[in-house]
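The structure under discussion is supplied below as structure tokens; questions concerning it will follow.
Letters are used for the chains, namely A, B, C and D, taken in the order the chains are written, and counting of residues starts over at 1 for each.
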Amino acid sequence: MKSSMQLLLNCDLGESFGAWRMGVDEQVMPFIDQANIACGFHAGDPMVMKHTLQAAKNHNVAVGAHPSYPDLGGFGRRSMTLPAADLIAILQYQIAALVGMANNLGIQVEYVKPHGALYNDMMVNGLIRSAVMQAIAETDRPLAFMMQANGDYETNRSEAKAFGLKVMFEGFADRCYDDRGALVSRAQMGAVHNREKMLAQVTQLMEHGSVTTENGHLMPLHIDSLCVHGDNLAGVESIADIRRLIDQ
Amino acid sequence: MKSSMQLLLNCDLGESFGAWRMGVDEQVMPFIDQANIACGFHAGDPMVMKHTLQAAKNHNVAVGAHPSYPDLGGFGRRSMTLPAADLIAILQYQIAALVGMANNLGIQVEYVKPHGALYNDMMVNGLIRSAVMQAIAETDRPLAFMMQANGDYETNRSEAKAFGLKVMFEGFADRCYDDRGALVSRAQMGAVHNREKMLAQVTQLMEHGSVTTENGHLMPLHIDSLCVHGDNLAGVESIADIRRLIDQ
Amino acid sequence: MKSSMQLLLNCDLGESFGAWRMGVDEQVMPFIDQANIACGFHAGDPMVMKHTLQAAKNHNVAVGAHPSYPDLGGFGRRSMTLPAADLIAILQYQIAALVGMANNLGIQVEYVKPHGALYNDMMVNGLIRSAVMQAIAETDRPLAFMMQANGDYETNRSEAKAFGLKVMFEGFADRCYDDRGALVSRAQMGAVHNREKMLAQVTQLMEHGSVTTENGHLMPLHIDSLCVHGDNLAGVESIADIRRLIDQ
Amino acid sequence: MKSSMQLLLNCDLGESFGAWRMGVDEQVMPFIDQANIACGFHAGDPMVMKHTLQAAKNHNVAVGAHPSYPDLGGFGRRSMTLPAADLIAILQYQIAALVGMANNLGIQVEYVKPHGALYNDMMVNGLIRSAVMQAIAETDRPLAFMMQANGDYETNRSEAKAFGLKVMFEGFADRCYDDRGALVSRAQMGAVHNREKMLAQVTQLMEHGSVTTENGHLMPLHIDSLCVHGDNLAGVESIADIRRLIDQ
């Protein structure tokens, strides 16, 4: 199965805050399809959000909400134990803020992709994943749920279906997968691909819908979108490389 | 002109935060028509907002956004100098968050009433008032702008009209007015009415559309809504008294 | 062994924040020996801290720092995963702020007692406990470390000794203990004693240095200080009762 | 009068926060004498503060507290109206946090220089300046007060003397002065000197204790320290240039 027709590029954007800049959003925008925009709880402030939404509109880039644990000091990278009802309200606040600010600019937010520790926690903890999906499902907009493709398509889709949600699966171009479909920890050697391996992984994902795991096994991995990183100009070069590969 | 038919009661609600309680919202709800709900920047957190919205719905109380300067530590009572574009984005974020969370519960937010120092600053500073009105006008919902009735109806209405906004004028039951239509400072003797004078002021507002100022002058004051205070059970008694007076 | 001579009462105080009040600190102060004062990260702001320090001085109450995870929205009740070095710096900041503000008033802070989720996490996780102890040990003041008495005196004392710290063990008057020396979860029936059982537990702690666990076993529990709760006036009555019992 | 012997260079440092970097502190440290370290209210978090203190110690750079209005979202550049007692407590908290963390590393904090909007407000508003000086005076350490040299030495010194404080006057190398000793607004043409004019101004300050104002007048300006900017590598070059000039 070839998925080259629809493979999208998504990137976390709008992660500046106040006087602090992060990322090279303007350079990234021309190459991506989907902007995951921070909603103020790990990064992004109202001015940054408005500016990023406008930039996404200018570049015809689709917009997703990128909500987080309430953790500005830790950039949302710290796990927090929250009652499910609190987590749901916290996510709905962030989603509502971005959706409303987007509407003001004539933009429809299309999906929700949790950030950082919440994303990681959600991928391994069904209760947290349920809370995230319930938060999205209770929103009065038809927002898709973006999660990591881990091979368990049936489980993931049926879980989401129970909440009435459409799932968008994302994969990673530059990260090595283990045999269970999880990312190899960055702490480990070989966790992050060089340019050549990265492009090979993208090609394999597009042409064969699979990745080669750290142990050399072939694992089917069907994804809708590829997560790329726009932290700096080196990142932008990688994104441009992947864009060219996809557009061929 | 009698305005007794349409005089509404509005109250600032949802001003708890995290573990801290403020106000006796549940006791107030049965007596009021409009709840000004904090949006998280001076008070209110996502859980409090959701709970307050649900309570307003249960009591068939209309909902307004009650946004503030970003000042949790000062409860929005500290003036802050903000570039207009920043203030606008900060207000739109708060409005969007409340509007979206309300929509999730099937509630339409009807108006915006700024809080605390922002409210006071806006009443004396045309640039700040313009920024507030622009923030509301750019919102993709038809939200009214609630401001203090100060006698300058024509100016206020024409300003709002320039932004395409409907104005709702509010007055105060328990506060003494000066001859210019402003509230006498709380620091001054006689600034806050006792029960008898408060009810007399409400009667005068309803029956004659006027107040008697601190100097004994009669000043026309046409209002749409009366601001009442639900900080404690004594406040609730006053609200109940005013409710009975209005409903007679 | 009778410990009635030195059994102290400690209470979490200074947990108001901005416009929000919590606790009846003024009523509690006359009855306690040690005030655990919030340092601004779960509660307490600079004004509240200064006021609480002055009140402690007026009542001749000893002062301890009561630092927390950085979690104002969750009142420090949410566990957070923090690198040890970050947790240490976060604690040292809070301790330094309270120590310095106390010094300005001529008060010496005597000990550190972690708050909420950090306290609970520290009692079951040796790595977090080590980070807490290192944070205290690196402070240029001889601050004691207050922790929960759980029966493992030798382990606890030797751990603290490795960091050069003096330990103060605290117990609870109104909470039922399980056989391992931990508190029975509040979610369980019988977790919180009524007045009679509470006073009996205090008497037993003073006279016999033991508690009777949920299963009726006698467990030795030697404590330096008893944690009492000043959330409301009912709490103050309990504290006054315990004070009278101790002073007999 | 030559002041070349004692002219010091001070720089605002430690203004990163969480995941966000600001400034090139490591590059600046070798060239300066005094580091004004952010205390967590406009920038700086406990980890950044600890790291910056250690770096200052390594480079044998003196340390000053650089406290701010509580305004992380606005980087302390927004004026805020605060009761004097609140401002005093807010400053003392920040000063105490930095002083204590410095003490833990064997460093004595030497002075306090307010940041951003607070600095500007203090220079034009005597009530705010009094609150700042009182905050410092109540601190149990002999901290000097760093303020802008504006020509009113007698007034400034006598004000500070009333609080028992030593003043350190600072000047600016790259900013044009007006005839009253204030900085020409950055919004105006010619407000910021090019390299040549900057070095000429430093030479004139050292050799003649004066500046040439925007209108070409000679104005006496005796300073203890010169404020330099380490935002980026271009800034570091300027600092290195000034360092060489001073050390000649």
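We adopt the following convention: contacts are C-beta pairs under 8 Å (C-beta built on N, C-alpha and C of every residue); 3 or more make two chains touch, one makes a residue touch a chain.
Everything numeric in this text was worked out from a predicted model, so none of it was measured.
Colleague: Is the contact between copies chain B and chain C built from the same residues on both sides or from different ones, judged by whether over half of the numbers are shared?
Modeller: same
Colleague: Please work out which of A-D and A-B is bridged by more C-beta pairs in contact, and write that pair.
Modeller: Taking the two pairs in turn, the one with more contacts turns out to be A-B.
Colleague: Can you work out the whole-Å distance between the CA centroids of chain A and chain D?
Modeller: About 42 Å separates the centre of chain A from that of chain D.
Colleague: Could you put a whole-Å number on the gap between the CA centroids of chain A and chain B?
Modeller: Their C-alpha centroids are separated by 40 Å.
Colleague: At which residue positions does chain A touch at least two other chains?
Modeller: Residues 45, 73-74, 86 of chain A touch two or more partner chains.
Colleague: Which residues of chain B touch chain D once you look at their complex with the stated criterion?
Modeller: 70-71, 73-74, 78-82, 86, 117
Colleague: Going by the contact rule at the top, pick out the chain A residues touching chain B in the complex.
Modeller: So the residues of chain A touching chain B come out as 40, 45-47, 49-50, 85-86, 89-90, 92-101, 103-104, 106, 138-140.
Colleague: Which of the residues in chain D come into contact with chain A in the complex?
Modeller: Against chain A, chain D makes touches at 16-22, 43, 45, 72-75, 77.
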